[in-house]
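Each structure below appears as structure tokens.
One chain, chain A, links the two complexes that follow: it is found with chain B in the first and with chain C in the second.
Take a look at the complex of A and B:
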């Protein structure tokens, strides 16, 4: 049979990888472009003398992947231009500024805005009698305080520089969780490492992902199609066998040791546990598997089907009880979603898959 | 490398032997930690608000300054926690330092207390939020969310812990039982932390 009519195995695999690349890029771009509405209001008791009251509210559609310290300069410019009296505002020091939600939750400098918003969505849905609206997002109201930051509960430094360092630490930690070493991060040139933060500051998807794609796996090589022993030189061979910076462009999400993942419970602690993309039985690890392992009460294991009877000779297992829902990048995720895929496509800019757990009513 | 269960076991047997450390349990199993409190002194007369106030009082002749007042302004309170670090699967050393009025100390003042054993290495850089040595890929010391309490605490970066302690563990008697190995691991690790901090 002529070879012109049948695509070769390697062509098929290349096409599959190209599709995976396309899908990965698509979801990454959607996460990157995600924004949330914020309504920022200065605490009325702290407005300096002679401020133009009634105008002290600032609305901003903020990128999910950005951070509060990066918004402060813009907010400050507005307040100084429009609201504050010049003399009265002279003594203000923006390193003493801090934010809290309307409900009194302190807002951390080093948590991404998307994470702050999703956590807030879940907390408020617990408090209010009405289920959250899924069609339109509600502005999150922030109160801006101008003095006396609660140093015991917030990082001492609110500067952009401190935020950058916290961000870089998270990237390196995610690198370690994925591969057991930080070779990929450390192997980046300094200008590339700094370029990651510049990409966040300038909100430039291409600049950011040009570097980040060397660190983050793509969602190729699903477990069923993964070759058991990749031929030498193949794109799917084990990482670390050759030059890490080009090799990692082709690293599969399923060859990671663990997915960097954290669970945020409503008003509760942040939980971090090991999350291998493939379970011991060779099946992909899903959100349901992960949550039911670590939060038994919320995602109880499916009860077994009842024994067969004359009336019901082929019993099915009863539907699982869902007490919780999972919010990732503001989207309710199906429990069957695979952690490997999520860790490649819906991951935050700092490399972490932050999952917010809400309770259904 | 530790699982959460192994960490909990290690802490319990360690605290039995070293009774100044107490176990604090958490809502979720495996998220408990060891804690102890110590006091230290400022090494030098750093210009602090408390000292400035005392000096003012002296000049105005308002109060007699007792040695207790002076001692109090030089004292700092340190809370030390040993908490499980999930990313590196090892224990990590977290601490919080406050002056006698309960205000947290900035990093440059913490370095100037008896809690810090040595002076900074020559090429170390310190700013408000981290202490870094160029040879390390992570900062040596920085602020981070306490894994159980969620509040910001200072912590020693645990990325090198497993390797460093592992080297020493090779020299240990291999016939030790599991509990004894866990205790030795913790003791060796605290000895390494003790190169920099008085613990």
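Take a look at the complex of A and C:
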């Protein structure tokens, strides 16, 4: 039937856009739904008098996109109900509470819980030989202190309001990295700006992304694909388009000036570098390109193949030295992943793509 | 009980990690302060600040230069747009947000680009 003839250009275009939409929202949804197990224990030396010892440990499967100040009310309710003596608890002040990891790393109020967890994973990679497991997560052990917060090292106060301000500023900073201005962010109505934070607090994907999609580009519009791109139809395939007229009214990840990226190394530091989604040669900038440029000592270039010989006419390049791996949203990422795609699909709620570097043994 | 033998981390990897932690005290960034609204004006507004300093140190430096009382609010922004996280380094901010060869820091006594 004539209806089954080649689809028209506009049908193809619509399909590509639909695929890009599907990919973008699928990965955003998976990032949003990601959780990490936490084991929170009150420092035994700081337990108030007459506390019910033995119960002072609280387990929670916390959303990656959330923040510690948002967990405190729930943890407090548990401790008040089960552990603390009512009279002794009256002397406790919320603003004196703070967290550190079992290894003694201060846990910042303004880092998302997913980032705290991934940063802990890579720091542990220095000390433990076990590679990160994607199927079974080990709880991260947190120590809750009830007094004497080291405010100069925590940088921000523990209030939810301070956390919100830090979050909004991260969004603005990310907007500036992407486009060289913050017009998209400041163009939002006040109610929409507040709605972003409400979406985080209530863990409401639809509320959050209804606004955030005005700020975050989608994964369409790449100028060309590399031969290493996943085959079409695989879960990772990213439809490309070479026709600029297919651009919808939404921003394409590949037209950003730079992808907002921070690199986290085990036990520090945090590095920030400009990350254009497209290289000067017009090819998409991949994780491998980026990381081997800025962290060359950990991700050295692949050695060249040996010269062909009679015995080996088609020599293969030796495998790259695997000193380190990359963790994004708790997932070990293939080096072929394109920064533009990552910046649209695996970006954190605050607009930043957090690349955590772990050590391989 | 026998303990599992952990493969050692290659020395070159440990050296690599160390080298990324190295701080170069000679690397300085020119920071240009600009007062907003009724904020006090600085006679000198360009300073060389160590690239490895955290933004927190810039905030403290500016408060000291202005003689600003500890309890009074002072808001700092980059490029009249956003307030960076206080634990970000001056070097990171410079790499992403330098205008010409400066890092422009606006300061205000009230929220300016809230």
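We take it that the second predicted complex is superposed on the first by the 323 of 361 C-alpha atoms of A that agree within 3 Å, B and C clash if a C-alpha of one lies under 4 Å from a C-alpha of the other, contacts with A are read in each partner's own complex, and residues count from 1 in each chain.
The rule we apply is simple: a contact is a pair of C-beta atoms (placed from the backbone, for glycine too) under 8 Å apart; a residue touches a chain by one contact, two chains touch by 3 or more.
Keep in mind that this is a model prediction, so the values were computed, not measured.
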Clash-or-fit label for the pair chain B, chain C on chain A: clash
Which of chain B and chain C A:12 touches, first, second, both or neither: neither
Chain B versus chain C as contact partner of A:151, first or second or both or neither: first
Superposition-derived comparison: chain B or chain C, residues of chain A touched: C
First, second, both or neither for A:323, with chain B first and chain C second: second
First, second, both or neither for A:359, with chain B first and chain C second: second
Chain B versus chain C as contact partner of A:162, first or second or both or neither: first
Partner chain(s) touched by A:126 [first = chain B, second = chain C, both, neither]: second
First (chain B), second (chain C), both or neither touched by A:266: second
Candidates 22-30, 58-66 or 166-174 of chain B: the single one with C-alpha clashes against chain C: 22-30
Chain B/chain C common contact set on chain A: 108, 152, 155-156, 165-166, 169, 172-173, 176-177, 182, 186, 268-274
Residues of chain A that touch chain B when the two form their complex: 108, 151-157, 159, 161-162, 165-166, 169, 172-173, 176-177, 182, 185-186, 260, 268-274
Complex contact set, residues of chain A against chain C: 108, 110, 126, 128-129, 152, 155-156, 165-166, 169-170, 172-173, 176-177, 181-182, 186, 258, 262, 265-274, 295, 297-298, 323-324, 359, 361
Residue ranges of chain C touching chain A (in the complex, touch as defined): 4, 6-10, 12-13, 15-17, 19-21, 56, 78-79, 81-89, 92-93, 95-97, 113
Chain B to chain A touching residues, read off their complex: 26-28, 31, 86-89, 103-104, 106-107, 127-130, 137-139, 142-145, 147-148, 150-152, 159
